[in-house]
Structures are given as structure tokens and as C-alpha cells.
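One structure follows; several queries about it will come next.
Order of writing sets the labels: A, B, C, D, E and F. Residues in every chain begin at 1.
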């Protein structure tokens, strides 16, 4: 059986207010399930990889609904525990132009995922058929349980020679004024990582690096090699994103590996569904590494995948590799018929 | 300013799966907000009473949505506290005929309501313009905080001569195997109550009464006077409900007051939305008492109100008193045009 | 060109509250357009007759929407005037079991239809290609304009030997306490009518007949021949309807023609959409007369058509003649596949 | 009890065609209720002010639905009369880019609001707990009844020292070719006004001023002081709006008070829901005046509030003051999470 | 790895007209995917069995959507071929009471499934991890390709000792006047079958048996043993169904095995979604056989499963075994909370 | 009776995925019916022309739904045959910005339209009341049956002096590598055509012309006169379209007639619904020719009509001539109220 790419991460119920309304204006919600791990594995599964999500879901109808949803995304579910009564949730209110979108989290701490401890998971079995495993920095911040489980899996994976992938995803709000604890946690994860997603902001604000450069691209070129060297990380990738007016972003992807930088084309595009865009990029890099694309192809594929992830409904990237390559090749985006 | 009828109770977000689907079959949910107190006050407000709900709502967009919803039901909101991040929720999956409906609760314990303690509420101000206050037995079971607050308000209301209304609403699941604790709590509330909603089941299973009668109506006629006497309760009311096939119920209301029983007509009817049916009956009794209807009118009005509450969408009874009287008068239910 | 069956009547915008909610519970409405004439012609068109509606619609986007809707029902629109800004409307709130449905009319008097006077219509052209024209008694009650136009068209049709069809549709509410005016108007229309839809109630309450019979069928057998004789009406038809519990009706159709009574089978059935049921019956009779079915077939076809009209969404009957005959033949109503 | 801000104005049923369709393409409508007064009070209530709407609603289910809707917007309803059968309505068809949105009004003249005369309102009670009252120029045009009631309330308010706020809202279509009558009415209202919303267009087209300036901002700086002086108006505010391509507007707010002009930042933004944008600005000014913000803060707050009102669903501005200040502070409009 | 239960069968796109409308009345369709094999495996998967569907889906976005849908139902997809451009479809119009539901098939013959020949499937691999395989008689009628593939798989399964399950599902319409060909095909499949679903109707109309019994149950007791003996079938099961008024059925299940009959309780119930009810029963029998329930439990479980399948949305049974057992145990179908 | 404009063309069921989702993400589809002929006649009917579509629809509920839909678009249906079981279908998945929309066709070849041969149509009757008939090049590619019927009708129309209108609509995908066959077919149709829609691409890629010009407008000015002369075509029209970023197009229409070119204004606009845009332009030209507008008016009207067709929901242009003229006159696209 082919080895699988796995991810350890929380599954959340996304309750989306339709029609750009505010929560108080609606009587209906669109329900789906997502999370960094879910998103990354959805894209990888769509590209043909065998996947499996390491998580805990409640042992009731809510968990049952989450399970069905994950399977409709082609995410492998054989490593999912069922326990407890709760799932993390967020309400998503879409903004419009100058009005920002708003995410309101609720009930994360009591969720099956954040209540589970490392020993609840059958580590040996889980790591048996795995050759790559993905982690997200958000999990470090929300609960001790998730944090410890993450370290535990990452260490065991490292021992077995399984490729450890870590997406920094630093969210200042979650760490509040405890930047020192964040730094310790991130350093610990970076030392275990083979592939890492980060930007110059992570280097500066979390890891404490400084640079004289002022332009973002130069900061990246200055800082990323230092991080890679210090923590012994094979591959670091990320995006340089600038927010323009009217829901538009300008974006360029970078890949740093073997002491070389590779950059994607720059794109200007309008956003349809913001959440999960970064996961689209990350899974593109992971797919490229697994398929041993050329470095140039990896970053082009990943950046195009990330952009398409911003233009599709839902958090989880749903574009096929054929569609990603079509954007790389700059095919005319007129209607396909 | 006219005195108000108030209720102390939890507001929950109801996430209803439309189209009789199971949760795992849907991508959309209908959102509303309800609770025993909400339901009772909605009906009372619709009948023209000034109302106010004593509760706590989260201090975020979720609470804002709940507040707007309560106001659309005409529930007075000036006694509502805003605090915390969470609200209790339930998912409602409608059954069909032999397939039962399913309610899945989540996140109640961490809700703003169950985190609030008695001293969080401004008791003096709250009880100032009140002449009747309603409590529901469910609150006794879910958290110590809500239980203590309930006792505290009921005692203070009693002291001030405010009419205390208590709906037993005994749910065995919530008390699990701690029937003794339930008995203590219920006895304590009954001693504070002027008006109480209960059936022979509560007398037997919670309060420990026994009877030689086998038929339900006889059991009620045997036991309810004993309860009223023992706890010094002015008025006890409830329904004798028999479940028939195909979502139909046969139901008859009773009112025991001044040592006399009054019974409503018996109705056979099909259920559209089960939750909140009992609250429709309870608010009918409360309205009748406030308006000083004749005893016969009170029980007829309340039973018809209860039935209409089973035939309208949502937990909260939304029929006008004109519509309730029309059912009492047995008007032809053909289309009104 | 084949001669057409026409109807003179109001087109109303139907704003239907979905999901059995009350108007105050909804944020969405289902919009359609109907009316007695629309309904009768829809069924007749579906059976293959050429039809045309004589009416007035507002000369704005509302009228444009009505026009498109009528055409989707296959109603001929070449005799429709466009003028003014308003259309009659009604809100339909579906009841459930003991809770009655409610219709709230608004803005009828200022509608293009009720503002139009007889001379606004090009009578000569309208009656040129017509061999049957249908009128409804409701139009007599709402406005002088519609009443006078109705008489004017009926008289001109009578002169030309066009078959005049009149559906009494007596609604006490609309005439309030002016029963004498109603009687005059109805007598005037009956004298012009060749085919009439009525029941013993119309004979008694509108026309002032009395009978010693107590059972409804006997009353009909006693009174209808007297009406037919007095007003020289060729054919009178109607239904004997009894309302049962739980939205069920028991119904039997009758046809009186050439001094003979013909009765349909009796049906017990549940109602899906009450409005337009009578129009389904009426158009069945009209189709049978046009197609010269046997008398027995006419009443069987009409009654089955009327029942199907109660089981389909919307006011306008949409069943094909094949489907009507299938019900007459008592085919097994299990799924057709 | 804190004094309230009130508004006199019509409540209309808004029937919105979803999905940018034309009315003839839809079978479903989104129903809400709005109006200038409703919109202004919704925003003010959201900012924490006690509000109350002075209006008339039909005494049937339609009025009941309107009442529930207004309360969900937190608009105070204790000054609302119930009478008659009709409500003004408008159909809203959203355009797209070069295709304009279309509003089709119907049934305004026969509405409860326009049928009510001044003596129908209990003036004394209404003005008792009021310190600011808002009027809209549209009401002057539609009916004599509304016009006379508006003057009557404004005069009585002026006498009592209640702040009179008047939004010119001049709509040429409504006045057709009777500009002279408009001028008289507007002059009469301006003489009663303490705060007025207008632009140079109103000064020129309604009041007959002329200016040599060609650029809009200069025209405003030239004309507004003259108007303020002539009619003795304390404060005049408005926006300088330029329509760009693709549903974008460029806009800048001005505030003229104590012989000084204050201007907001200029914004370029895309419109989501056009109706009610001006009311968002007006209520921002009113809130700033009530809260005694600095002049600079008032105009910045009002302009940001106006822009957010263009970016939210529905006519009635629903943004919180926290959200308005965030836009003023130019916070990054990326997703809030 | 645990052995799997597989099914060979067509996947069809179900386009369901919502709201009991006719196709010509709707602008929206609910899309799902089903088929006898899909339905049987959905229930078996929900009960915890490993499943896999043997079928062909088009190699385009339609096939991709079908694949995602099947996975959301937990159906194993590793044996699914992708080829061609078409999928079979049916439109489902729900009836109401006396109005029958209507299914309109389209495009079956050109579907990927009916274009595939036996050699397109990798038989060896498919049968490797299988211990039970299900076939449906409908596939015999629609195309030569499917018919031949069915025989080919059944023969190979038989050779390997895999349990062959055959559901007669005889549809007279599909065989038109070629009853002789049907008989041959059915006889051939019966000879290969270990478990068979059929009724006395199949025995009489397809296989040509005669019986003197008139009552259905007696006919079954007379004929089924003869069929079992003649074709060497281990287990035959089916239901005795009587259609009552108002969408109600009375039903009783039978199981004939080892020369003994076992009958379930009789149920009267109302139907919510007719299609797939028989598959709910069949999968209940299969699950009981796999789990080696007692014979009495097998038929009780299967009948309850079949009934629940009639009360859930969609063709594919979605009830858990816990829910099935609850119905067997006759738990009170009041709301579960 | 006024002569009609007719079109020969396929009616397809459009199954549109709402909310910019991919097919695998949706459970609901929006159903409509369209096709080049449908679209052209819808616009012409909206402008007041009598129309009739020459096509074949299946003789089942699907055909019935198509028929009702066409009539709601005001398309004349008296020339429509009913036969067979199938209709061509396409699934439309809307893209967003850089993600292209996708059309997936299915079941066209077996549709009633493509199964019909020329002799199935009653040519004599069809051409009797016709003065203009429209054809689309797509029909040449899909089936021999449609191709031959098209030639047959076009020849008979030409003989009778009926104006033959041909829209090249060359789709390379449909012709695959058989460009030579395409050239023959197009040449044959061009020789029969009086009015033709094409661009320089058709001249170059289909007809094999070459030009030294590099700019598109110059190529058109160079090539179109040659085509007109060679094939004796009275009038050739088309658009010069440039795709910009973010779903925007820049477009300019041309009309070549009597050896003169006429150009419209250039527009930059955003697309709402791409399909049918060209048909909006074509029907604008046809209407202008029928109404004998000046040449300048024809091309301005057609280009504005084409742009509005891109901004309305659905394939079929639904704007009125008043709305088209408003765009030509450059009225302010702010809301109309």
C-alpha cells in the first residue's frame, strides 16, 4: 500500500452566513467542516495522494456529520478518534470591500480535539503507513493537550524518518501577550521540521530576528536562509502578499531550498473566499515535493494552487491539478466549453 | 409603568436541519434562538403583556444575533447581561412518523448563562417593575450556577410578593441517577411557588408519591391536590397527553386551583414542531391568571394555545390571542380569506 | 383558427410564506400569479384548449412579471391590457391541521383590473374568436368597474351565442351585510348563464331558496333543478364537500343537465394547496363539455381534476388530462417509474 | 428615563429580487421593511441610543410582520399606530455594473401611513420623552396627509425646544413638474430645522440658488453658508459623491456648523446595497451631535458609517460604532479572526 | 484487511424537484446520486461494514461530483472505473396523497455504466478482498453490457465461494413484452445466488409459478420454498406490503432460510421518501447475515431498517444500527433530547 | 397576421451550480432552458416581435418543463415537435476572476433535437408566416441530422425570399481536427445567408483568409468586405472583444452593410453571466433591421443589448428595448427610483 500523507489538526464546524449578511441579519447558515489539516489533505487528495487526518471528533451526530463531510472531500478518516460531545466552531460573516469579514470562534477549548491527550492516539499504527505529516502552529496556542500531542507526534515522526511539515500560521491574537511561550514552542517545532511555511513576519515577530532591509522581498531573502540554517530546515516556503483595494491581493510565492530561492509569477487577483488560501499554497508545495517536480515547477504550481484556493467556495481547496497547471500556463480564463 | 412578567432562563441557539434530513445530509441550517423562558415570554408578549427576560448572552456577534432575534419575538431585553464568548446550542433533526426527532445539545455548560452567578445579576433593579416571574426546572439540572441563581431570584421574588411560577419540566436524562438531588431541588422550588406546571409523573418520579389509580386522569386527580396542599401551591396546571400514531397526539389540559379541577376539551391533532408546546400551554395559563379570566376560560385558552404552539414553526409560540380564542370556539379550520 | 375559451378575471400576485410559517416569521416569500380565470384557463390549456384571459395588468415591471408567469402556465395573453401601476395581492400563510391557513388581501381596489372600465376593453375583437367565456362571482363584489365590465361582456357574449359560464363563488365576507345587492347581481348573471357552478348554499343564502331537506345531497337534488329552471341554465355543477380532521376532505361532484343528475365517485383525500381546487373542478366540467364527453365522464373527469388541483403546488391546476384519467381509473398511486 | 431620538416616517415593505435577477425571472422574493426613519433609527439604536419611530402600520398580519421586523432592528415601537389594511411597498431589482438597479413602488398612497392625518397621532405623549426628531423630504411629496403631519410635528417639536433634523432627500420624479410647491415646502421645513442634510443640488434645484463655481466642492462651500444663514440652520451636512465605473463611488463628507466647514477623508469603494447609504451618513452625524464628539470626529464617523451602510445587506445600517471607528482608523480590512 | 461487501450497480444522478412541485413548476433541483448498489452499501457502511461499489462513472466533472457524493455516504470507491461523458439520470417529482410520484429516466443507455463491458473491469483485483457481492435485477433489463457483466461477476464470485446476493427488483415496464427473456435471465441469476430478495409476484410473473392461495402471505409460504429448492438458494427474504390511503403502507417482512419462515412485526407507517425502501430492507438482511444475528433478529432488524429507509430523505438509507434497534424495541418515537 | 421571426435551434437544459461552487460542492442546481435560437427569440420577443422556435423536445415531463419555460420567455412554440425521451443538457460552474467558468455538456447526441431529421418537420407550414429565420453554426457540428435539417430549412427559406440569418459561432472543440468539413459546411451556409454574424477569426480560421494586418479592427476592415462580396452577404456584424482582468471585457460592435462599416461606442464592463452575450448582440442587429433603424442606431442598439445580456442572469437576454436605449443614451446607471 502506498505511503500516505497525514496531517494532525483540528476539525471545526464552519457556520457561514450567506449573502454577505451579518449574523444578526440571517435566519440560515451554511454548514461545512474545515481546518488547516483538512484543507491541506483535501487538496493533496484531489491531486491523487492517499491521505489521512489525525484528529478527534465528538461521538454523536455532530461527529457523524463531520465524518461524512470529510469523506466527501476525499480526506482519509481511518485515524480519526471519536470521543466527547463537542466540536470547535466558527461563524464566518463575509465582508464587502472596505467592510472586513469577521470570524467568531466558539467552543474550541472543550472540543473533542482539544480534550484529547497524546496517549489517546494509537501512535504506532498511525505512523506505520506514513511518509509525510503536516502540523499547524495554531494548535500550539489553543490548548496544552493539542500542543503536547503535536510535539509527541512530530518527535516520533522525526525518529522514523517521516518528513515533518510545519506551517507557522502565527496568529498574534491567540498568543496574546505571551510571545515568549510562542517563541519556545515554535523553536521546538522548527527543530523537528523538514519543511516549513513561514514569512519574514514569523522570523521577526516570533523568532526575534532583525533585518535592515525594508522591502518585504529583501527581508525574506535576508532572513529565511538564517532560519533554515539555524534550525536545519530543508525547505522553507511562503508568500509575499500585498492587500490592494476592493478585495484584491497582489501575491508572489517563494521557495527556499538547498540555499537557493525560487519565485513564482506575481498575480493580482480578487478574493472569493479568503480562508484556506494559505493551505492551498502549502499543499501545492507538499504535492510538488512528493512528485519531485523541478523547483521552478513546485513554486509555480503552489502559487497557482494558492490563488485558486482563494477563488473557490469553502476553506478546503478543491481545484484539480489540471486546473492548477492551466493557471500556471496562463490559459485564457474565458469560459471553458 | 405597567408591571411586567419576567422569566429567568437560558437562551439557546437552535440549529434546525431543514427538510426532515439528518445532520449529515445537510449543508444548510436554520438558525433561531429559544428556551423555555423565551417561549413563555414570546406568547405573553404576543397577547399584549410587557415582558422581560433575565439571562446572560455572550458579548460578541453571537450574542448580538440572539438579542436581535429575541426582540423580533417582542421579548423585553433590558434585563439581559452580556458577558463571555459562548452560548448553549442544540441541533434539531426532525423525524418523520416512526422515526423520532433528535436533539443534540452542545456547549451548554460553558455558555454565558451557565457561567453567570447570582451576584452577576442586578437583582434589585430586576425585581422592581415585576409582578410575575417564571422559572423552569431544566435550569436546576444543568449547572450549579444557574441552580443557585434560580433559588436566589425565586426567594427574593417571594419576599416581595411577586408571583412565582415554576414549570417542573423534569428531564430524567439530565439528572441521570441522581434522583435524590432532583427531589431536593424540586421540593425547594415548590415551596417558593405560587403557580406550578406539572403532571402525575413529576409527583411520582420526582417527589416520590404513590397512587393506586392506574388511569392517568385519575392519578392526577388523586395526586395533584396532595402536592398543592403540601407545598402550599395556589395553582397547578398541566396536560394529559397520549401519543398516537403518525405524529398525532391526544391531549387534555387540567387546572387545579382553590381545591377544584377544571378540564379543557380533548383534542386530537398532528404535530408540526414539537418543542415549545408545553410553553404554549404554560403561557396560556399565566395570561389567563394575569387577565383574571374565569377558571373555565383559563384552561380552555391555555390548552388551545398549547395546541397551536405545536402547529407553528419554531419553539416560541407565535399565535395571537384572537387565534387562540378562535380554536376554543371551534371555528371551522378551513382557509381564512 | 380554432375558437378559444376565454375568461374575464383579476390576476393577483400571490405572496406565499414558505415552510408553514407565519408572515412575521419569514424573510422570504414565494411569488406567483393566479386568479379564478387564470386557474381555469391554465387547466384548459394543459388539456389542449386554446385560451385567452381578458384582464388588465399594470404597465410596469410587476405587470411584465405577471405576463411572463401567465405564459409559463400556457394562458393566452393577447387580450390583456396594460395600464396603471398596481396589481391586487394576497399573502398566503399555510396553516397546519387545527391551525387554519390565512389569506390577507391588499391593494385590490387600486389594481389595474379594478380601475379598468368596460370601454377600456376592445370587446368586438375580444369576442371574435371565442366560443366559451368564464366569469367568477368574486368580481361582482370587489368593484363597480369590474362588476359592470362583467355584465357588459356577458351580455355581448350571450348576444353572439357564445357559451356563458358563471362560477358563483359566493364569499360572504366580500358582500358583508349587503345580501340584497348580491342577490340582484347574481340573478342578473344567472339569467345570462348557460353553465353555472354553485351549491345548495348559494341557492339558499344568495338566491333565498328554502328546502325541507336536511342532508346536503338531498338539498342539492331539491334546489338545483329549481334554479336551473327559473334562470334557464342548461348545466349546473358543483361539489358536496365535507371537511374531516387533519386537512382531509370528503368530496363528491354533481352535474345537473337536461333534468338529470350525475354524481362522481366519493373521494377522501388530504389537501396540499387549498386555493384553486374549485377551479380545477370547474375547468374539468368545461373541458368535458367542449370535448362532448358523456355526462358520466364529464363529472368523473371534473371531480378527479378538482382533487388533483388540491394536491398540486400553487393555485393553478397543472395536471394533464392523462393524469386526471389515471385517477378516475383508480390506478395505484404508488410511484410511477 | 433617558430622552429618545425619534423619527417620523413611512415604513415600506421591501421585496427584493435575489441573485441580481429581474422580477420576471424570479419565483422568490426577500422581504424586509425599511424607510428613511427606520434606517436612521436602526443605526442610532445600534450605537446605543433609545429610539422610537412615529408612524402608522396596517392593523393586520402585514403590520404585525413589520412590527416584528422593526423590533429585530432595535427600533422602538411604542409610538406606532395600527390602522387600515395597506402598507407601501417597493420591488428592488439589483442591477450589475452598467445595468442599473430598479425600484418599482406600489400602493404607497393607500398605505396606513399616507392615510393617517395629524390628529391621528397622540402628539403630546409622543413628544414628551424626545430630544431629537428626524424628518425626510420624501414624505412631503407623496401625500397631503403625510406632509401636513410632518409640519405639525416639526412645529410642535420646535416649540418644545426639541432638535429638528431634516433630510432634504429631494427626488425630482416625485415632484414632477411642480418645483414651486416643492420649494415652498422645503423652505417651510428649513425654517423649522436645526440640523439639515443637503447638497449643492438641493440649494440650486430646489431653493433656486445660483453660483459661479463649477466644481462641486466649491459650490458647496459657496452655497451652504448662504442657506444656513437664511434659514437659521445650526448644522448642515452632506456628501460629495462621484459615481465611478463598475459600481464604485468616490465620496467625501462635509459638515458645516458655526460657520466652519469640516471634511472627512475621501473614500473610493464599491457598493453592495445602495439604498440607505445616505441614512447611514445622517445617523452618524446625529449620533456625533448627541454624543458631542469633536466636529472632526463627527464628520469622520458619519462618513465611515455611510460607507459601511453601502456595504451591508438591506436598507437599514447595521454596523456597530466599534466597526465604524475601525474604518475611520483605517484598520486593515483583511479578515478579522 | 477485513473482507468487504461489494455491489455491482449503476450510479444515477437523482434530480429531485423540491416542495412537491411538478418539474414544470420549479426553477431549482436537488441533486444527489443513488442506485440499488449505492443504497445497499450506504446502509452497510453506516452499520460498520467495509464496502466497495463496482461501477463506472464518467471521466468529467459529473463523475467527480458523483464520486464525492458516494464518499460522503461512506461507500468505498476503489473499484470504480472512470470513463466516458455520461451518467444515467432521473427526475423525481413527489406526489401527494392521491397524486402519485413520478420518476422520469433519461440517458441511461449511453451512461458510462451501460457502455462498459465485462472486460473493462479488473475482475481479479475486485474479487480479491470480497466475501459478499450484491446484484440487482434492474441491471439485467437496461443493457446487454450490464447484463453480461453482471453474469460474469456473479459466476466468478460463485467460483471463489463469495456469497452472491441477488435482488430480483422486477420492473415490468423495463422488460416490456419480453417476459421470456426476463425469465431466462432471472433463472440464470437465481442459479448463481446464495441470498435472494423476492416476493410471490416475482415467482408468479417472472418465474411462472402458480398457486391456489389467494392471500399474499399464504402465496409466499406456498411458493418461496419451491423457488429456494429449485434454484438451490440458501436464503430468500422479502416484504408483504399493502398500500393504504394517504401515503401509508402496512408492511411485514419475511425470511425463509433452512426451510423455515421467520416474520417480522407488522408496521403501519407513512412514507417520506419512497425510493430505496427495499434497499433498506435488503441491506438489513445482509448485515444480519454477516453479523450472524439470530434469524428472528435478522428479520426484525431488516424490517425496521426498511421502514426507517422510507422515512429518511434520499434514496440511500442513512439510519444507524442503534436507530434501527430502537425501532425494533418499539421505543417511544417522541423527540429524543 | 404579422410575419414572424423564427429560429431553428436546439433547446438545452441548463443546470447551473449556484454560489460559484463547483459541481462536487453543491446539492442544488438551478434549472433553466436555453440555446442560441431560444436566446435570440427571447430578446426579439421582448422587443415586441412575434417569434417562433423550430425545434424538437422530448415527449415527456422534461419536454413539458422546457415548453413552459420557453413560453415564460415569450418564445412562440407552435412549431415545436414533441418526440423521444431525451434533451441535451449542460452543467454550468461559474468561475471567479482567474478561475474560469466551466461548461460540461451531456446527452446532446441522443436528444430529440439531434435525433430529428428534416422530414420530421412540417416545412411548408413552418415557413408560411415567416419573414426571417435564424441559424447557428453550432448545429452544423453536433449531428448529421441537425446539419441536414439546417441546410434544408435554409434552402427552402432562401427560395421563398425569407431573410436567412446565420451566426457562425465557430467552436474549435466541436470540430476537433476536421477543419475542412467545417469549411465546407460554413461556405454552404454563407452562400444561403443574407445576414451573418462573424469576426475576423472565423474568416481566418474557418474560411482560410489571410491578412497582413495585426490589429483586430484592421483585420476586420480588411477581411469582412471580402467575405461579404464572395458569398453575396448583405450584412455582416460582430464584436471586437478584448478580455481584461477581473471578469472585465472591453468591447466594440461593428456592422458592415452596403460596403460601409459602422462602429458602436467602446464599452468596458464586468460580466455577470457570460453565456448568451453574443445572442444579445445578434438579436439587437436583427431587431434593428426589422425595424429599419438607421445603420448607426442598429449597431449602437445591438452593442448595448449585447452588453446588457452579459449583465443579466441566465443565457436568454431579458432587457427591454427601453432599457437598451437607456444604455445607448448613457443614462446614469445609479439606481432607478
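As a working rule, a contact is a pair of C-beta atoms (placed from the backbone, for glycine too) under 8 Å apart; a residue touches a chain by one contact, two chains touch by 3 or more.
Here the structure is a predicted model, which means the values were calculated and not measured.
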Report the chain whose CA-based centre is farthest from the CA-based centre of chain D.
E
Comparing which residue numbers chain C and chain F contribute to their contact, where sharing over half means same and under half means different, the two sides are same
Report back the single chain whose CA centre is most distant from the CA centre of chain F.
B
Between A-E, C-F or B-E, which repeats the contact pattern of D-F in over half of its pairs?
B-E
Take the average of all CA coordinates in chain B, do the same for chain F, and state the distance between these two points in whole angstrom.
63
Taking the mean of the C-alpha atoms as each chain's centre, how many Å separate chain C from chain D?
46
Shared interface positions of chain C, touching two or more other chains
22, 24, 27, 64, 68-69, 72, 102, 105
Please give the residue numbers of chain E that touch chain F in the complex, ascending.
15, 22-24, 26-32, 58, 60-62, 64-65, 67-69, 85-87, 91, 93, 102, 104-107, 109-110
Across the complex, what residues on chain A touch chain F?
18, 72, 248, 267-270, 272, 307-308, 311-314, 318-319, 323, 326-327, 331-337
Interfacial residue positions of chain D with respect to chain B in the complex
64, 68-69, 71-74, 320
Contact residues on chain F for chain A in the complex?
19-22, 24-25, 90, 95-103, 105, 171, 173, 243, 245-246, 274-275
